[in-house]
Every structure is written in structure tokens, then in C-alpha cells.
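Just below is one structure, and these are the notes that go with it.
A, B, C, D, E and F label the chains in the order they appear, each numbered from 1.
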Amino acid sequence: MAAEPGRASSWEPPPDWQEGPRVSGPYTFMRIPPGRHLKAGDVAIIGVPFDAGTTYRPGARFGPRALRTASAHLRPYPRQESGLFPPFDRLHILDYGDVDVIPYDLSETMTRIEQALTPLCEAGVFPLILGGDHSITLPVLRALAAKHGSLALVHFDAHPDYWEPPLGRLHYHGSTFRFAAREGLIDLDRSVQVGIRGTLSSAVVAQAEADGFHVITGDAFAKLGVEETLGRIQARARGLAYVSLDIDCVDPAFAPGTGTPEVAGLTSREIVALVRGLGDLSLAGFDLVEVAPEYDPAEITAILGANLVYEFLCTLAHSRRDALYNQGAET
Amino acid sequence: MAAEPGRASSWEPPPDWQEGPRVSGPYTFMRIPPGRHLKAGDVAIIGVPFDAGTTYRPGARFGPRALRTASAHLRPYPRQESGLFPPFDRLHILDYGDVDVIPYDLSETMTRIEQALTPLCEAGVFPLILGGDHSITLPVLRALAAKHGSLALVHFDAHPDYWEPPLGRLHYHGSTFRFAAREGLIDLDRSVQVGIRGTLSSAVVAQAEADGFHVITGDAFAKLGVEETLGRIQARARGLAYVSLDIDCVDPAFAPGTGTPEVAGLTSREIVALVRGLGDLSLAGFDLVEVAPEYDPAEITAILGANLVYEFLCTLAHSRRDALYNQGAET
Amino acid sequence: MAAEPGRASSWEPPPDWQEGPRVSGPYTFMRIPPGRHLKAGDVAIIGVPFDAGTTYRPGARFGPRALRTASAHLRPYPRQESGLFPPFDRLHILDYGDVDVIPYDLSETMTRIEQALTPLCEAGVFPLILGGDHSITLPVLRALAAKHGSLALVHFDAHPDYWEPPLGRLHYHGSTFRFAAREGLIDLDRSVQVGIRGTLSSAVVAQAEADGFHVITGDAFAKLGVEETLGRIQARARGLAYVSLDIDCVDPAFAPGTGTPEVAGLTSREIVALVRGLGDLSLAGFDLVEVAPEYDPAEITAILGANLVYEFLCTLAHSRRDALYNQGAET
Amino acid sequence: MAAEPGRASSWEPPPDWQEGPRVSGPYTFMRIPPGRHLKAGDVAIIGVPFDAGTTYRPGARFGPRALRTASAHLRPYPRQESGLFPPFDRLHILDYGDVDVIPYDLSETMTRIEQALTPLCEAGVFPLILGGDHSITLPVLRALAAKHGSLALVHFDAHPDYWEPPLGRLHYHGSTFRFAAREGLIDLDRSVQVGIRGTLSSAVVAQAEADGFHVITGDAFAKLGVEETLGRIQARARGLAYVSLDIDCVDPAFAPGTGTPEVAGLTSREIVALVRGLGDLSLAGFDLVEVAPEYDPAEITAILGANLVYEFLCTLAHSRRDALYNQGAET
Amino acid sequence: MAAEPGRASSWEPPPDWQEGPRVSGPYTFMRIPPGRHLKAGDVAIIGVPFDAGTTYRPGARFGPRALRTASAHLRPYPRQESGLFPPFDRLHILDYGDVDVIPYDLSETMTRIEQALTPLCEAGVFPLILGGDHSITLPVLRALAAKHGSLALVHFDAHPDYWEPPLGRLHYHGSTFRFAAREGLIDLDRSVQVGIRGTLSSAVVAQAEADGFHVITGDAFAKLGVEETLGRIQARARGLAYVSLDIDCVDPAFAPGTGTPEVAGLTSREIVALVRGLGDLSLAGFDLVEVAPEYDPAEITAILGANLVYEFLCTLAHSRRDALYNQGAET
Amino acid sequence: MAAEPGRASSWEPPPDWQEGPRVSGPYTFMRIPPGRHLKAGDVAIIGVPFDAGTTYRPGARFGPRALRTASAHLRPYPRQESGLFPPFDRLHILDYGDVDVIPYDLSETMTRIEQALTPLCEAGVFPLILGGDHSITLPVLRALAAKHGSLALVHFDAHPDYWEPPLGRLHYHGSTFRFAAREGLIDLDRSVQVGIRGTLSSAVVAQAEADGFHVITGDAFAKLGVEETLGRIQARARGLAYVSLDIDCVDPAFAPGTGTPEVAGLTSREIVALVRGLGDLSLAGFDLVEVAPEYDPAEITAILGANLVYEFLCTLAHSRRDALYNQGAET
């Protein structure tokens, strides 16, 4: 694809790893040069290093750093086996840096996230968020819905995050989608949760289902398999869809570095195949949350997370293949 | 279920995590209040922090502490996906504390464990043991068999633990079931082992089978699958059954924190489904052993172990459903 | 000392480690039985598992658990070399358990801490707090000052914790003593800070000194030495004194497990000697904060912290030697 | 099998673990006595503690030490479930020690490895190599091919290692099989790669396939399964075959301790079954490379690696069953 | 200091931590914006992520990343206790990024480092190098000496790094100063080594001293103390001086994360005081090498290293105080 | 020194690290070739991988492995700064391998240790023991005293190890010297303990002193200093002396990897100087015990331990300087 006039200095693909070795270079996602000059259709990778919404093991504030660090290991090619498009040929992707959170002020940080995202969403930039705990998804959805209206939600997680704030008055990482539904940011009839499991009260899941959510528990997923689950996702997530991926949807063997791990989760093969299968959706935004590197001594959680972000970028390039071909024809 | 007169002060369910947050509270199993006032039908969670019966990596002496710590993450509900009964509604469960072991005196500790368990078993209390290494199961079986006679055994493990003490004269963690069979504590014709694998001499497995044990190796399990294996367990384990779960039945990816890990083991999905499937047995006792937290840097072994204990409690509540309904009707 | 009538069941000394081995027993501080029945003069060990006031590495929410766990290693004797009194002979000490914090709600948790402490302080109980990050000291001081009026402060720390909340509107772990001074909870003219160092703006230290604080920086301490520093503390801390010990006053080699470590700190010998030298003060309360066990792989920070708590208990017994002798004479 | 005259002192089976406990003894592979007196048909276990050919996480220089250490846990019996021959009854196996590498001199070390291997290969000794990074396989193949001519290759790996040296002029751990093919050390038409995946440029895999390699990607393997994959291997690997096993063919959950982990890899069950299924090949040499113990906090990667080496030894004994029976008949 | 015309966009001080919280922002040293537009007198912080010159524990290739990450914890003020100048008020400091090393090609990387440094040195930029192993200092000295001629050397290290390459033909991390002296890059009569200790052959130290080096061993330093050692350094290091600080000069308790730790080393107080005392030298360049984060589980080595870099920046600002005042007067 | 006839094959010095790089070679102590052919005056390095005498954190069973592994980093020269003799020029030193312990049988293992040591002691071999927990010193003393009669003891430790077995009937790691004194293996009037500290009952220290032991507590040592302490040791330890060094005499910052760490201990400089100062004693045996590598993530405890063993070897060579000169003159 030809470079656009006047954009050359504001973005560039990651260095060819055969020239810029992976142990050196900027510590951005996949060593993309950082930048904040964005326009419609661009992808902004945005860190939100915040974890004060956590109820058990903290540390996801260092998730953006861990994901960027682990991403240095990735090479800028589509996965050989995926048949997908090389993302950097087709998407303008920049590492936007981080939102300036206040580590100890949950309410103010929610406001700051929404304020940081709003102009990007208004400009038609695609937000790709590196969390941070799951509380941060709420202000992202607020900014997106202000632009696009109510979104479909594809939610990979061990937990429904559909509780009323249990211990106090504030929104926290377990109430994100309760608030989002109540505020009309997501349309539960177009939404699906995959991987829900663990010692949950039946009330919270029953409430989610009563409100319209389609819940595929971890056990149900194990029986359905990847293909059937993808079929259900595609049937549900009509219109513009937001994808929220809590790394604890995966089993602790594959993703120990997270705050509230739940056993008997997805395998790495399964989650890779699920993300890779979202290419026919109309995608509006993405986040990968709850990577807590202090519980990740061999860095395997961050490596999996970085791969899932990259797999999503390939999927996004695929989802825009028509637009891109047209654009390519024009330039 | 209505509270029984005079029992109110001696037990109570774990705190609702929405009120007593999981990072605070007593460090008992699931933050149940500790207590030692027990009667027939109650469940006593008992730690045995002893590992001097170990032959390779030590550290299971800190297993009870690790399991209790990890259990703080559990919420007091039945697993959504299991269809089981909420255990704390139906069972009187107390954290009994630990047996006072002597860390360096194997023989004396075996005696102390048996002495501590005997009055509980005589009183009809259900012992749920948190090990410790596998040597501690022998005195538990001695105390139970003194009450109930020879028991069926359901044994999940990578190792048959059916060796003659190889290096000396003392019982150790590899000879538990050899001694138990010889002493008549278990009835091998009603017993089954699941997950046996690794570099074992054929002699020890052949001996176990010749003596009547039904051995399902790791490879055999992989071919049989969960349902068929559960069928075999139910066919064998007639009468009162003891369940002994060595965490090394699971693959080291899912349970690195143990003393003698063996590759190519069960997955977390498989072991959860196996424990969940024991509800039609007549259950007499349970132990979960060989969690060694020093080899568990992200705590995933202890989290899996705590979940398996909890899954067993739900299963136990299910196994007593008739008695409980009757009891419920009476009160 | 003779047991008091009617108190026998509410407290007892920790188990003799020769009878109750240190790997077993309750996970309270030094395995003291837990309890909440307290009266004037008793010491309550209270955990505050909260770290949402942290600005850098989180994890101090697991500090109370780590300190209690590490305390199992202590034996209930005065240190041989200290010449101090055995604390359990002379003090009624109970492990009160934890304050029920809300992990993600800083303001509400501050309120809950103050509410939990107020009746204890009113009753004349001595609060010995296991943090938690340093934000939790403010509500403790509020509860104490409501009873006793403005207190002298002896503050061991790498940081002055005297900032205006820099990033938002809430009190956080760096503003504790700014708020405490402003609210009149501490009297800066009777207060001293020891160990302050690192990349601090001169403004914050200058402000502290201008307001009356006596600041002994890490460099100044290295020149003064332990004895001269103790002399200055005793000269300043007239009247009832509160001692607040942030573990990061110690060098990261001795205390790696903390959130904002600063190099060139105190050694373990120095901090032990400093705590041991406080016995002539009139002591009103104590906290040990900022132990973050996820950064403490060999548990040495928690072991040092638990020893300092114990050393303080011996010191406290010493400080009450006259009252205790009198009390002993009476019973 | 009867001892051969004059060989008694030069080798012996590993100690019976019931007599020589696994925590003591020499730190050789499975505690086989070390030795360098070898003849045709013997197996030499040779460490190559070198990792300067690595491009990302280093540390495989300590791989031989980690594999030998972990092997102490193995017992000298065939796996119960494999039906294979006990290797030490049938093979002369010695721990040869290490090649004297130069940690910082890649070129000179390649020469030293070839020089060390050449006399062994000429003498008909079977080289079983413990790496080290994958660069070390090239000089091993040079020494073997000088004796046997071009070999078939069975290659388990996440990466094709078929790049032109990307960043400079030297052979490195990603170019091993490009050089080996070009030098005629391996015959690509008789070679197969299993497990290839990750963010690879299509160019490198396309080149490998164009040159004759049969590439079974990770995704393709997941669909084919173990049996079909083994069928393809056997169909391809005619004549003398070399087996090269890079531990990163396995998923990071099962093998975190490696330099360039790739998600969505093989499970431990799968790789064990694959190695076990090679017994009908005509085997010429074996290596297990890229174990980096600094990223292996619970030692599970080294334990898996040591088991795979042992599984290969059992397989090798099986592959020589006819020769051995004949030999056994003669002696 | 007034901004220079046309420079505003090319550099700026690190964010005020009260506005840009330390958990967010660019992952440069102290979150200084990255940049490569430099002129005479500017300071360029340059990473050299290379460790193939190491002979024992590798991993220093991740040293620049670890030092930059740890530096996020620093605040942009002079140390309260140092009396030094705030560096960012007085020095133009940019994070230049990394030299593009070739991880497995020692010779080519040495060339690349020299080529990268040469234009900077020619332009009068002050190089502040983040290693990497100690081999990288040689090409830095080559670039500097080409501009300035032979330099004085102030060398803090446990090892003299004055060996002939022992195991091969290449320069490695133990021969840096042997080569540097032989090539005339440093003038040994104006050079001093501090902290040398461990199991060294007397030959290598004797040779260093015979050639003119002033060697202050670890034992000698312990007797001399900081002040006397600084006096000797100042007496020796006349003219332009290069400071090379190998983190292993410090004791492993304070700096475990390094490749060849030696016991009985300097404390953190001592090394901080030594660096702080160099302000009267005429400084030409600085490096901090041999931080290996895989051996630094609590990050204390990287934190100490980042503090020493910062302490050096304050010292450098002090050393240029006259020039700066003049410059300040002009603008 | 000329080689003795017929001994050439039975021992040799460690490889010159410039030829045999430290990452390769046998995993013996300092890579000395293993061997068991010993005669009077030789030094046998003997591992005792046993920890079932431990009361708190286990793991010292892997101490011999950790010490040998860490010793690979040592170079075979006397410390530059010590002025001592190069040990391998003057002493015949062999790595004898391990005593075959029974991991779970304390009594039988004590017997086996004594049986293994007795012929060595009778032959006049100098035993240098790598523990293992401190229980193993008792059988070593039994074997030595059978040859030499009652010995002087120089004991570096945080604990007096002078308890009656507190929790049962067996000798354990806290009763070694109580038993040794009672059995007449050591003569307390010629014995001294250095570093004793922590929460000890006054009874145990008072008993040790009453029985004749000279106890220098940690606090007393801090005041005396190295030189005065060495003076006291030399004054006490007349006649043949045994040196027992428990690594927990050192502060946990310098030696975290041990079972019962006690804060405020010796620094690495102090313990190195103490061991180096023993050269004028008449030395009969040495052990270094209680290194537990699972609590030693950066290997610094094992590195310190290996250095202390080596420092002792240099000291031993010095202590035999007259004999050696004579012997040298003869050959």
C-alpha cells in the first residue's frame, strides 16, 4: 500500500526483526514507533496501567508494560497457519502510549480514561486497549457508545463481571458489564460471554441471562467446541461489536499471571482459535485486561496476551479486507 | 435449613464475600470460623503439615497453609455449571486446625495423626484432610477403619504408592497403600487407582494388580475419558469409600507445586470432572496431599487444590442429598 | 503473673514451640489464639489488608498475611541479647483479626478503619497495626487522637509521606502525615522522622521541617549512628507517642518486598537496635506497613517485619515495667 | 544380558533408586556413572552448554545441568504404560560429560563441537546431545554426516530454523537446517518438521517446503493428531534418521523455560506419544535443545525434557530390539 | 533555564510525577521523551542490550530494559541529602534508544557500537551507556578516544577485566581494559580500579599493577573507606575521565542480578557515596553494566543501578556547575 | 609439588577456567574430578543431602547440589587479597560424592553417615562436609572423635543447637551440640559459638554457658568486631578443632536460602574474614550446613556458601604450611 502524503513521519511498521533485533528498540507494542497523530480507521494501542478496581491479587497496573515487553518477541508477519492478512500492510497502527491514571483514585481515573478515549472515538480511531484490570472497560465503552450507540459485546472471561458493586458504592472490576448494560452502552441481546465458571452465585449468572446475555460457561464451551461457539458468537454479535478479553478466561496453567484465576479454563489453542475466528464481525474496539506480571515468573501470560493482541490485529485486518482492497485500489 | 438449637455458636458459613472481602478475615479454609466442637455428620477440615515422608522435593509441610490461603479466593456458592448443592447450606463444616506433628519424627507423627483422628472418626465426623505428603493417609485410614472396617479406595495419583519401603524400615509416602492393604484398612477388590504413570518398575504395578487393585494408568485414562473412568470407579467402589487425591495426578503444567511431578498427566478440566462425578458413592473420608508451595510461584497448584477440596465438598453435599432432605424436612 | 479471673478463655500466650510445632497451629501472629474481647491495657494485633493507596508496586494488601505467616517462626521468648522482658508474661496480647476493608474503595476503607479502631482506642486497648500501605495510618491516628489528643510521632521511613495528594483529590499513602499534622492528630514539635532519602523534591522536606518536623535523613542517620539518633528521638517524643514503621526505611537488600524501595537504607542491625531503644517512651500505638510479599521471594522482608513487631512487643513490655510490677504485686 | 569382558568398569546402569536415593549420587544423567570409553553401538549422553547462538532469552547454556539435575527424579525402568524395553538392560549408556565450549565464541565453539563428536561418530557411538541452543545441532550433523552421509531429519520445533542468518554473517540458532540442507547433511525429501507456528514470515516456510521439507504446522498437527503424524514421519524418514527436539515445540504452559516460546503448542501427552512412536525408525542421533532453566522456576521444563530424553532411550532400545535379541542370544 | 530556540521539540524534562504518574508514560529512562537530535554538551542515554561476551550467567542483554523500567520509580529531583544540582534543570538529557546489536555476533556488534558512538562523540555529546555486559565498554572507549585521546579511567568492579582472552581469540567481557590499555584508549597511570576481589589469579592483578593501574581491592577499600578512596581517585584521574561501573562491585545481597557475583563486596551506601563523590573530575563518559534481570526477582539490582545512573547525572550536573552558570547567564 | 607415584590418576586440580570453561565440566565441587581413593592428609569433600532433621523450612537436602553448582563459578586461585596459599597446590582434595542417606529415616541416616565417615577419619582424611541440615554434624563428630578424642569446636550459627529434642525423642537439627557435649565428642571448655541471636529462651543459652561453652551472641559480635572475636576463638580452640558453619549465622539479606533465618546477622565481609582468620588453629574437620536452595532465587546463598568452603580450603592450606613445606622439601 502506498504511503499517504504527509503521514510518513507519523507511523511506520515495526522494524524487520532481521534488521532491528528484538532485544533492542523502543519498548512500544511490537516496537512500533510511538505516536498520537491519528485519523479515522487508524488503530491506537493504548495502555491503561490501573488496577485499583481489583478485589484479590493486584498488579495489573503493570500489564501494559508486560504486554509491550512480551510483544518484542513477535515478528511482524501474519501467522503462517492462519491464512490471515499481514496487519501492518493494511492497518495504520500506532502505540499511543498510556492514559495518565491516578493509581489510587478509581473515580477520577474512570473519568480520565473516558476523556482520553472520547476524541479518538469521535475521530473514528479504533481503540485497542492494554489493561489494567477490568474496571477500565467501562469508560472505554462510554466513549465508544457516545459515538456509535449501543454495541454488541463479545466477552471472554471466567467471570460475568455483572455484579452490583458488592462491598461499597463504587464501580469496580466485577461490575463493568452491569453498569454498561444499565447505561445502554452494550445491547445484551447482541452480546455473549464465553468461559464463565468457578464458584459463582447462581444469582449473578441468572441475572445476566434474564437481562438478555447469552452465557456460555466454561463447561458448556468444553462441550460445544471452538467452531460451534464461534457460530453462536457470529449469530449474536450483529452490528458493531466490542471484544473484551479477560486473560483469566484461560486456564491458570496457560495464564498464571492474573488476579483472580479460575481452574478448568480454556487452553491456549482454544483462545487463539476463538480470536482468530472473529474476522467476520464488524469490530469497534478491543481490550485485553487483567495481566498481572508479578504472578508470571516465566512471562508466559504476557506472551500469550501479546500474541492474542497480535492475533486480533490480524483478524481486524481480515475484517476490513473489502474496505482495504477498495482503499488499496484507490491509492 | 434451620439452625439446630445449641449449635449456633459452634459453626457458621463462610463470610459472604460481598461483605467480608476475600483479602481479610481468618486464614482458615474459605475463612470458615475455626472450631473443634463436632458431632456425627459434620465435616472437619484438618491440616497435617508434615512432609518428612517425602523422597524427593520437600515442602508439603506448608501445604495446609497454602491450601487455606488459596481458598480465600473461593466464593461460598456451588459452581454454576455443576448443578450441585451449595455445600454450606447442607453440611456442617468446620476448620479443625492442624494436627500437632513433629516435623522430624515420622513414626511419632503417624501415631499422633491416628490419635487425633480416632475420636473424630468414632464420633462420625467426616475427615477432610489437607496434607502434607502422602505418608499421612495411612494413619487416617487406620482411624477410619477402626470405626468402619475395610474401606473402598478411590485413589488419584501419578504413583501407586504401593512400594515396600525401599530405603529403610519406615513407612514413607510411597508405601501408604501397601501398608493399608496389608493391614486390611482398604479392600483392594473395591479399590481403583487413576492416573498412574512415569518411570515405574513393572513389578510394583503388577503387584498392585495381582493383589486386586484396579489400576487405570495415565495412558489408559487418556483413552477411556472421564465418563468411562467414572463408570469404572462407581462399579468398583461399593460400600463406604475413601477418596485420596495426590495433586501429582495432574500434569505439572497445571500443578507444578509438588514433590515428585510426572509429565503427561491429567488436565484441570479432567480432574475437576472426576471429583465432581463421585457424588453417587458412599463417602467416608477425603484427603488432598502433596501440594508443595515452594515450587508454586504463581500459586496455581494451591488454587487448583483448594478448588478440588471445594468441589469435593459440593459433591459430598450431593451424595448426602437424601439424608439432607430428610433432615431438612424434620427441622 | 497470675491469670485474671474471667479472662482465662479470652487470651493465652502463644504455644510453646517445643509442644506445638511452628509448622502447625493457627495462622495468627505468633500463633496467639484469635480473639476480640479486650480491655484497657491489652494489646490488639490488627491487620489492615489494604493497598489501594499505593502509587507504585502494589501488594501490601497481603502484608498482614505475610507478617502473620512469618511470625510462626518466632519463639515466645525475649531476645537473649536484649535484656528485655518476655512480652507474653506481662502483656495481654490478642490477634484481633482484620479490619474489613473494601479493596477498591479508599475513602470508605479509611472510614471503616477509623470506625473499627475507635471503640478499641476508647477502651484503652493498645493498637498494633499490620499494614497495608501507609495510607492506613491516618485513620488509626484519627481514632487514637480522639481519645488521647495530639500525639508525638516516631516515624521510620524512606519517605516523608508529607505530600499534598499529588495526582488527585484523595488522601493516599504519601500524604498521611500532612493530613495528620493538619488535623492536629500529631504534634510535629514532638515528632521525628528517621531514614528519609531518595529522589525527593526539596520542597516536601523543607515544608516538613518548616512545619516543625525533625527530619533525620538516611545520610544523617548514617553519620549520627543508632545511639545518637535514639537520643534525639527521646528528646523529641515527649508525652504519648505513636510509632509508625514503614519497612522501606530499611535498605532493599534487607527488605526487597515493598512498594517503593529506596537504596542506601538502614541495615537490619540498625533498625532492630532503633526499635529496641524506644522502651523509655510513653507508647500509644504502633504500625508496621508496606510489606508487599509478591516482591519477597525468600520471605526475608516478612521475617524482618515480624521480628520488628515482636521486638516492639518486648520494648512495650519494658516500657510498662513499673505498671506491670505494680499490677503483678496486686494480683 | 551378560556383562562383556573388560567392560565392567567402564559402564553400569544407574543406581537402583531403592538403594541409592535420588537426592544423592553423581549429578550425571539419571546418575549413570560418567565415562568416556565407548565403542560402536554405545550411547553417549553429551552436554553442550552453549547459548551464544540465541536471539532472544538466553540461558540454555545451563540446559545440560538442568536436564541432568531433573533426571535424578527418573527411575531406571521403562514406562509402565509404554510396553517398551528397559533401556539400561539393552543399551550401553554413558554420560560423556560436556563439550568444552567457549561461551562467547560461536564460530570456535561450532568447530570444537564437531571435533568432539567426530571420533565418536566414526566409532559408531550413538550421540545423544543435551543442549544448549539450537545452533549446536549443525556441528553434530556435520560429524554424523561425515560418517553416514546425508540423513533423514525428524524435527520437533515451533520454528523452522531455516532462515538465512538475518542479522549478520554467522550461523545462529535460527539457521541450523538451512545450513544443514545446503551442506547436504540432511536430505529434505526424507525430512519432516512438526509443530511449526507463530509469527513467521510465509517466505521462510515456503522456502523450506520448496526445498523439499515436509512441514506440519502446529495447527496442522492439532488436526492430524498423534497417530497420523507418526504415520507421516515414518513414511518420510527412510534410512538413517536424526531426531532434533526443540523443547519449544511444546506449549509454554508445559515448557516455560525456553528462549523463544510460542503459544498454542503441543501438550506433554502429545510430545511424549510422538517420541514414543519413533521406535520403527533407523535412528542415528538425537538432541534435546533450548531448555533455559532461569525461566523455569518450578523445574517443569527440565523435568519434561529429562523425561523426553529417557523416553527416547526406551524408544531407541525398542528400535534395536532385533539386534539386541541377536546380541542377547550370542552372549 | 530558558529553552533554546529550535530545541523545544527535541527534548524535555521527565514528567512531574505528580502529574504523569510513574506507572504510566514512555518506558525510557526516567520517562524522558526519546530522541536522537543531539549537540555538544548534551547527554545521550544509550542502551546496549548485548551479553554474548559473558562467561557465566547470561541475561545482561535485558539490562537496558530493566534499568529503564526501574528508573520509572525515580523522581526528577536531586537527592535531598546530596546537596547536588537538579540534573534536568542543567543538562540536556535524551534517551537515545538502543544500539542495534546482533545478539550472537560479538565482533560485528563491537563494530556497530563503535559506529553508533562515533558521530555522537565527535559532536561532543556525553555518552551514558546502559549495558549489556562489560565487553561493550571497549568500543565505547574506542569512539571516545578517537575524539579525546587517551582517557583516565575510574573503574568500579569486582573483577579487573584485564585478562588476555582466555578461551579463544575474541575480546570478551573479561578483557576490556587489557585491550583498552594496549590500544592506548586509557592511560593506566591516570586510572584506578575499586572493589577488585574474589578468586583471581595473582598474575592478572599483578599484571594490571605492573602496567600502571592503581588497584584498590575490596579488602583494601573496606579499610580505606569512602573518603580516602575518593581522595585517591581524584589524585589519579587527572584530565578527562571515563567512569565504568560494573554492578558486581556491589555485594550480591545488594545486587543479586548480575552474571558473576562476588561475595564481600561494597554496600549500597558505599557505592552511592562513591558515585556522588566524582563531581570534581572532568567527566567524559559513563557506563553501568552487567545488570542481569533474570537473577533479580525483586528488581533491587535494577533499582540500585537506576539510582546510580541518576546519582551520576546529578554528579555530572555538579561537575559542570561553572559552565552551566555561565551558560545560564548567557541565556 | 611433584606428583606422587601412583596417585596421578586418583586426583587432579580443578580445570584451569581459561581452558575448561566454567559452564561445562563435571558438577563436582569446583569441578574437581570425583574420586574415593584417599589417604592421610587428603581432603574429602562429602555431600550429605539430608534435611529430615529440620523444624521449619525444609530443602537443605539440595544443599550439596547447590553448593557444588555455585562452586563452578570459583577460579582455582587463592583470593588475591588474602595472602593465603593456593589450596590445590598444597592439598590433595577430592570430591568424594554423597553419603547415601534415606530421606525419611533420620535414625538410620545418622548411622549411615557415621559409617561412611569412620573409615575416612581412621585413615586420617580431612572431612569437609556439605550439608544438609545441622543434624548431620553429630555423626560426623562421632566418627572424628572415635579417632581423635574430644575436639574443640568453633561454631558459627544463629542458634546454639543445644536444645533437648523438644518435640519428641529423636536427635534433630537443634540438638546437635547438646548430644555432642554429652557424648564427649566436643570439649565445651575449648569451644566457642559465634552469632547466636533471635528469639531464644534464656534457658538454652544459659545451659550452654553453664556447661562451659563460650557464647558470643550476634549483638556481642557486633561490638567485638572480627579481630577481637578471632582472638577469643584462638584462645579457646586449643588442640584439634572442628569448625561447623551454619549459613544462618549470616543475615538473611546475604543468605536468604536457609531454613530458619534470623535477622540482624553477620555480613558477608564479616564471615569471610572470620573463616580466613582460622589458619592458626589445628583443624580436624569442617562443615557448611543449612543451605536451602529453594529459598535462594538468585543463588546468592549458595555462592556465599561455596566461597566460604573455598576460603576454608585456603585457610586449611595455610594452617598446614609447615607440614607442607616439609613435605614439599621431601618430594
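Please note the rule applied: a residue touches a chain if its C-beta (ideal position, glycine included) is under 8 Å from a C-beta of that chain, and two chains touch if they have at least 3 such contacts.
Nothing here was measured: the structure is a model prediction, and the numbers come from that model.
Of the chain pairs B-C, C-E or A-E, the one whose interface repeats that of E-F, sharing more than half of its contact pairs by residue number, is C-E. Rounded to whole angstrom, the centroid-to-centroid distance between chain B and chain F, based on C-alpha atoms, equals 42 Å.
Averaging C-alpha coordinates per chain places the centre of chain A 56 Å away from that of chain F. For chain C, residues touching at least two other chains, in rising order: 19, 21, 23, 55-56, 61, 102-103, 167, 251, 253, 295, 297. An unclassified topology is adopted by the chain contact network, corresponding to no line, ring, star or complete arrangement. The chain pairs satisfying the stated touch condition come to A-B, A-C, A-D, A-E, B-C, B-D, B-F, C-E, C-F, D-E, D-F, E-F. Touching chain B in their complex are the following residues of chain A: 55-56, 163, 166-167, 196-202, 205, 217-220, 222, 251-254, 256-257, 260-261, 263-265, 295-297. If you check the complex, the residues on chain C that touch chain B are 19-21, 23-27, 34, 47, 49-50, 61-62, 64-65, 68-69, 97-103, 297. Note for the complex: chain F touches chain E at residues 17-19, 21-23, 73-82, 251, 253-254, 267-269, 272, 297-300, 303-304, 307, 310. Chain A makes touch with chain C in their complex at residues 51-59, 61, 102-106, 108, 135, 167-170, 172-173, 294-295.
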